[in-house]
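Down below are the structures I want you to see.
In the two complexes that follow, chain A is the common piece, with chain B as its partner first and chain C second.
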Partner chain A sequence: MTIYNVYIFDREGQCLFYDEWFRTKQSGLSKIQEYKLVFGMMLSMKSFSERLATADSNQTVNFYKTSTYKMTFLESATGIKILINTDPNANGIRELLHKIYQAWTETANSAARLISSETEPDESFLKSRVKQIVTKHPCYV
Partner chain B sequence: MSSKTKQNLADSKKMSAELFCLTYGAMVTEMLKDYEDPKDVTIQLDKMGFNMGSRLADDFLAKNANVPRCVDTRQIADVLCRNAIPCYLGVNATVTNWSNGDRDFSIILESNPLTELVQVPPHLISAGLSYSQLIAGAIRGALEAVHFKVFASAVPESSNSNTEIRIRFDQVLKDSIPAGEDD
Partner chain C sequence: MTHIQHLFVINRAGSLIYHWEGKNEVAEIDKTYTSHPMAVHLEEVDQKAVVVFGEKEGVKLRYYVKSINNSPVSGTRFFVDNEEEPQNVLEFLQKPENFPVTVKFAAPTISTNEKIILSSMFHSLFTIAVQLSPCMKSSGVEVLETTQFKLFCLQTRTGVKFVVITSAASNIAADTLLSKMYELYADFALKNPFYSIDMPIRCQKFEEGLKILLDRAEKSNGALTF
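Take a look at the complex of A and B:
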């Protein structure tokens, strides 16, 4: 099993973080274009599924799956969206996404960053944190 | 749940409550000198609280995975009192004074860590200083981050040590879809 790549978006659709591990084939789009399309697809899936929902309740889109990969979504109540591509049979991905969310909040809200008032969270630090979390997951490799 | 929040409190980086309380007091004093009008100080404290709250929201959600998505004000009040306030202020809180068809409610803090060593002069209170507005602002900021627009204000300290924070629910905010993606 494999974990391919991860995207983190903010509320406005800005890609805050991207990393990949076993992605052997690229989409052939520029990175910016790819982020836009991924985010747009997620928004559309959300609104479309809301429209089709059979009951009026708070529902969430959890993932979509093809024969070769599965894209799992996590949207926090604050609007942070984390998307991850994995092997279609991977499990425990929601927990993994939550751990990534935790790592992101800790990095983005760290005191050092708030004081230095940089807009971008410490990219390399977050990268190593996320990598650590992902490589520990049983579905990695 | 409560034992879990206590754990969170224990392993997070801590600073002495007294030192914090004194630092906060010194800051408010300095602001009173800078702004002259106590009302402006209240506004600034509210803003500071708002910025803190909007960041705390993510932190809170990351730490408490099993808090459900709130659908009404009763639930919001419940999560605030049972999870959020004990986690970040280290005190217990209760909800009372429901009015206006569940749109308004008050949160009573069992004790207020900000005013532990402080006596706010009565003439400043009557001039519009709300010493604990920081907490109210933080609640407003945190709820706005999860798409609930509320108005929150700290009711001026009465004789007992409880601090009342009055919250009025305004509306649920909608996520805007980014414009200009058609290229």
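Take a look at the complex of A and C:
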């Protein structure tokens, strides 16, 4: 079992955070292009599902799976989107996403405080926190 | 309520060549509005007058106008008694003199046109998933799960995709179902001398076989083989 990579997007589609651990294949695009493609695909998947499902309650896309990986989606009420690629058989990824979201809100808030006091926000801090959370997860390695 | 909602067969270019839809009851609701303006807000979406705001008393979002004063609406147009020219639904409902009015709303359904759009949309999502793979030799989307449905897809060596959509609660052995569908396709569509490849499948034997297969799949809900 493996956890490959994670993307965090804001609601405009700007990639706020990216990190990878065991990624063995690159998409062959520049990073910016890849973020755009990932975000665009997620939006299309959402609209695809909305068109397909005719029941009236709200729906959220949970994940999609291919033969080698699984992409799990989480969207917060504020429009922050977290996407994570794992092994197709990984369990408990939703909980992992919630933890990452929590880490994100905490560090993003403190970063905002840092900006207001005119000091450089420490980006590597979030990176190490996410890494800490991910490496602790049983599906890592 | 059946578990299997849709079947699609998509050819290698991304166009829909066969579709089947489970028969589920479509909710309909009659409303009489006595005064202008109406409580619900309608807009034209995909050539239908659709509720976009103000869901109320059983009229829900995405419901569309099916008839007005018992005259059926096609698209956004309908005929008022004794008139030659069709009227636009949205314009008709804007005029206070047309009230009181009885409007029949129906729950959204997927038209054949939309199915064609959805198929090509899925075809591209499938391809993008291959490109975004973090590891080598990935296939395209095999399973897509939302809170409302599960989608399973089998792509054959020749690029034909078999897609089955079930309810979120079902645990039908979709892999078996898909490979059986592939078998039927090979047996009754491909072996049919009058079938030309990549064209829509119109074949009685295929449909009969599919019907039997779906009945069995529906009854054996959860079983691994059927």
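Note that the second predicted complex is superposed on the first by the 129 of 141 C-alpha atoms of A that agree within 3 Å, B and C clash if a C-alpha of one lies under 4 Å from a C-alpha of the other, contacts with A are read in each partner's own complex, and residues count from 1 in each chain.
By our rule, a residue touches a chain if its C-beta (ideal position, glycine included) is under 8 Å from a C-beta of that chain, and two chains touch if they have at least 3 such contacts.
Predicted model, so just to flag it, every value in this text is computed and none were measured.
Once the two complexes are overlaid on the shared chain, A:102 sits against chain B while remaining clear of chain C.
Once the two complexes are overlaid on the shared chain, A:11 sits against chain B while remaining clear of chain C. In the superposition on chain A, A:91 makes contact with neither chain B nor chain C. Contacts of A:61 after superposition: chain C is touched, whereas chain B is not reached.
In the superposed three-chain model, the partner touching more residues of chain A is C, compared with the other of chain B and chain C.
Of the two partner chains placed around the shared chain by superposition, chain B is the only one that A:43 touches, whereas chain C remains out of contact. Legend: residue contacts after superposition of the two complexes on their common chain; A:135 is shown touching neither chain B nor chain C.
Residue contacts after overlaying the shared chain place A:76 against chain B, while chain C stays out of touching range. When the two complexes are superposed on chain A, the residues of chain A that touch both chain B and chain C are 58. Put simply, chain C touches chain A in their complex at residues 6, 60-62, 107-110, 114, 117-118, 121-122, 124-125, 128-149, 151, 165. By the touch rule above, chain B contacts chain A in their complex via residues 55, 57-59, 61-63, 65, 69, 71, 145-147, 175-178, 181. Residues of chain A touching chain C in their complex: 4-5, 20, 22-25, 27-28, 34, 37-38, 41, 44-45, 48-49, 51-69, 71, 85.
Looking at the complex, you find that chain A touches chain B at residues 11-13, 36, 39-40, 43, 58, 76-80, 98, 101-102, 104-106, 108-109, 114.
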